[in-house]
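Order as written gives the chain letters A, B, C and D; numbering starts at 1 within each chain.
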Amino acid sequence: MPKALSLKGCFPPIPTPFDKKGRVDHHQLANNLEKWQRTDLAGFVVLGSNGEAVLLNRNERVAVWKTAGQTISRGRRFIAGTGCESTVETLDLTEKAAALGAQAAMVVTPHYYRARMDHAALMHHYTMVADRSPIPIILYNVPASTNLDMSAELAIALSKHPNIIGMKESSGNVAKMGLIVREAPSHFQVLAGSGSFLLPALSVGAVGGVMALAAIAPNAVVEILRLFEAGRLEDAKKTQLRLIPTNNAVTSRFGIPGFKAAMDLLGMYGGPVRSPLLPLDKAARDEVAGILTEAGLL
Amino acid sequence: MPKALSLKGCFPPIPTPFDKKGRVDHHQLANNLEKWQRTDLAGFVVLGSNGEAVLLNRNERVAVWKTAGQTISRGRRFIAGTGCESTVETLDLTEKAAALGAQAAMVVTPHYYRARMDHAALMHHYTMVADRSPIPIILYNVPASTNLDMSAELAIALSKHPNIIGMKESSGNVAKMGLIVREAPSHFQVLAGSGSFLLPALSVGAVGGVMALAAIAPNAVVEILRLFEAGRLEDAKKTQLRLIPTNNAVTSRFGIPGFKAAMDLLGMYGGPVRSPLLPLDKAARDEVAGILTEAGLL
Amino acid sequence: MPKALSLKGCFPPIPTPFDKKGRVDHHQLANNLEKWQRTDLAGFVVLGSNGEAVLLNRNERVAVWKTAGQTISRGRRFIAGTGCESTVETLDLTEKAAALGAQAAMVVTPHYYRARMDHAALMHHYTMVADRSPIPIILYNVPASTNLDMSAELAIALSKHPNIIGMKESSGNVAKMGLIVREAPSHFQVLAGSGSFLLPALSVGAVGGVMALAAIAPNAVVEILRLFEAGRLEDAKKTQLRLIPTNNAVTSRFGIPGFKAAMDLLGMYGGPVRSPLLPLDKAARDEVAGILTEAGLL
Amino acid sequence: MPKALSLKGCFPPIPTPFDKKGRVDHHQLANNLEKWQRTDLAGFVVLGSNGEAVLLNRNERVAVWKTAGQTISRGRRFIAGTGCESTVETLDLTEKAAALGAQAAMVVTPHYYRARMDHAALMHHYTMVADRSPIPIILYNVPASTNLDMSAELAIALSKHPNIIGMKESSGNVAKMGLIVREAPSHFQVLAGSGSFLLPALSVGAVGGVMALAAIAPNAVVEILRLFEAGRLEDAKKTQLRLIPTNNAVTSRFGIPGFKAAMDLLGMYGGPVRSPLLPLDKAARDEVAGILTEAGLL
């Protein structure tokens, strides 16, 4: 088997900028990417959950990938979030993203018919996509959104497929991550799905993470990885613990509205969210500012 | 306030027929509708959860509504399932469906960002859609798919909107249905979301149901409603209890694959499902046949 | 098979009165029972969830049953809540309750080791208890407390046991209740586990209910049953809908503290709850009073 | 504040041995403890979830603590599981355990009335127990059994109490563990609640673990802790990953029956479980043996 694309490192699932009229703002998208490219982030996930992918139509998604493909420099990974409910549509979007420069596709578990999404159905879905996709596939498990938790058994079975190279695991179940690392072939790479458990995930063999926190505190998350690799556990722990409130502010606590508010506060472009998401009110925005200040980011 | 569109009666959420190549089969769609129109069904929900709506692209959805609009006769309700994650896209689809003849739109709760879908966000979403929609809106609560349970409090608040005329409640929580009936204004009509609790729902004031069972056993579900209205409770109960295994076979037990298999067995067109849904194997299909036979439907 | 004990009618799961020092107040217990015995309640469940059974030690439980056995008149049912985690202890308590006059025992599903409480384990537990119990057993399913939902399949399997005569179903799943009514032998009687769905449960074949509401509004719940049996559905519905806010106040909304507060307000003895339950604050107590007033109970 | 009792190290929640007649076997209990005391385990949790505490009556619990108190040597911790639903009964058992030599009490969240177990109720419960207990209290969060997840906010608030010295966190949420470590005062010590995430928990500041795995593979879990402290992360990871299947076999996969079967296979005394727990069948027992063999434990 040829060597798989490396997923080592820290990846932000980037937000999609909208202008005041609610249209995708490609200028700000490119600007954000260029700023992040001055850091040591390993690459970008474009149109994951944090990119409000489910709130964009097909044309908008394609246009976002086009801008990303033109802006992301050689040497950084361009990973496209292409999963949707339909197997055929997932494949279609994956092919489109690949044509626009994506090096891998991150595919969320279909879930609307979750009572039918058993081992056989998900095996069939992912196998069909991976068989035909021109780029490698990364499994994406995010029960907070899908209310479906991909079992370790299924992830391990899928890890045998030569065109499935990794998994973003957002459930926070590090015991499961350890079991998958243990049982999967070496080309299969596990990524922490949130900055709140990056270090614990590394301790059981994850190679990095896809996490909103990487967009907000790129240097700090990269530092956790470096300290861990240098065996400087106590320092890694300090940085990890320092970042937990910031991580929570841009994920579980205030969601994408908090993520975008933090971007704005940090001099990047966050901008408005799309309905039915609602913008943060002033009190929440102030709280985000306070959390960033306390973490030394502002 | 002008009199609201009546939702009294039994409505099947119709399946979307696909041909062997996986394309929407409009001929079979029309055929099925014509057969159902020989019964006393009050109308049809076109592209609800059972219509595999999330597995169709925009063009396919519009085409399905077009065929439905041309086939559904005057005097029957044409209700379009138009809800998606984005408020703007929901409104766009609702306008399109209205232009093609839909008399009302059934709007499922957005749910991918469920941690943010609090009272305020859902109030905003539904109010914005209802304010601008040219046709009345029916709330659609289906926690089995969305993992989000619309509260009685929210439903009651939304029931005050003049362009929100009802709710399909699929959670099976009849106590909640009773509370909503009690508190909502009279133009707001509650519909049972499954044939398994039609009679209990009627007993607390529901006016009918939207249920897969209505596609499989239209005469029997209409009979439950008639017997209930005639005060013939014992007979209504007998029919209700007789149908529970059939209802479960085409919903919780075998899902849409079971629903389509039952359609085929009954001489309608069920046909294939779209991936990631998988067809029933022979043993399951035989079991569906056995259940239909035992219920006197086959 | 001899005729099973009839469970037809309305039963309150009575609260356990404590005095100011926190001891069981047997005088008030007897007083409450005597007041209820002036109504048409069919009997009493003594030491169910609403009786704070899990907060009483063994000696206290036995003493409560003793007082109940001495106070409950012939012609009313005395049902003891005897279920605990251990099979042997459940049987031991059941025998004790029987010796003190209980005519049936209501046995909650063991649940602390819920991952192991599969079909086989629960079959074994209930069969062992029913085989040896001197009085008939009533299954008790209350997922809100146990986070374990007894399947229809298991209930139906257990309903074949000659010494298992019924089920209190508190999940509110009336479709499941209908399925059980349909499949169980005739000696097996289904009881609604909450006043909020008494009428819907009756519509699919329940014979009555065990519900906190019966302690608060005994005449009204008995009226629902009578109106239903008389085929006066519209009137039954009105009473059912009128009582929903009261029912919620003494169950899901304010729990046992609300239940006891309502008892106090109605001139019965509610009294304090045991820690970790906390008493209602003044605002909540006023709200309960308002709800009782609006329902015409105060 | 005086220095808190150290909880550093690995602790098994020991199983309670029963003889063939189902009585507690104190001889085997002492034997097991003596064998474990030849290892570097830091101490023992006596009558936690794995000790089938909910299946023992009060007299049996006291007798078990008495034997433990007589057998556990100086220098090892004796931690008693004393939590039950009632605050007063929890305190009573805690005092009893203290009198029998327990150095700390582990108190599970009360949960039967979980809808009422809000921040205020649990604050009250734990504060009342900690105020009066003669020995320090360890919080115990185990949602798999209680279906109630103690929030980080509550744990942090309780960590301020001088007599609450730590927490066993069995949810596996290491991000939460990190947040608690970060915010709690230094006397408050976090313990991993399962061997499957010991190393990840250590990486965010846990001081050890309470885990069934420690009874089965005491040397290996102690080794993980030592390797971690020596900065030998790669070796620690190897040991951690090697043990995951064993850990799962004696917890999530086969539960206490699997735990006791493994004890038997390893030459300790496991013996029978109490009903409603069922013994493993031959196939499952063989599987446990295979897993232990593969892990090099047999």
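FYI, a contact is a pair of C-beta atoms (placed from the backbone, for glycine too) under 8 Å apart; a residue touches a chain by one contact, two chains touch by 3 or more.
Bear in mind the structure is a predicted one, so any value in this text is a computation, not a measurement.
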item: Per Cα centroids, the chain farthest from subunit A; value: C
item: Chain centre separation (subunit B, subunit C; CA means) in Å; value: 35
item: Approximate Å spacing (C-alpha centroids) for the pair subunit B, subunit D; value: 49
item: Where subunit B touches two or more other chains at once, by residue number; value: none
item: Complete list of chain pairs which touch one another; value: A-B, A-D, B-C, C-D
item: In the complex with subunit D, residue positions of subunit A that touch it; value: 172-175, 178-179, 181-182, 194, 196-197, 199-205, 228, 231, 233, 236-237, 240-242, 244-245, 247-248
item: Parts of subunit A lying in touch with subunit B, wherever the complex brings them together; value: 22, 49, 54-58, 85-89, 110, 112-117, 120-122, 124-125, 128, 144-145, 147, 252, 255-257, 274-278
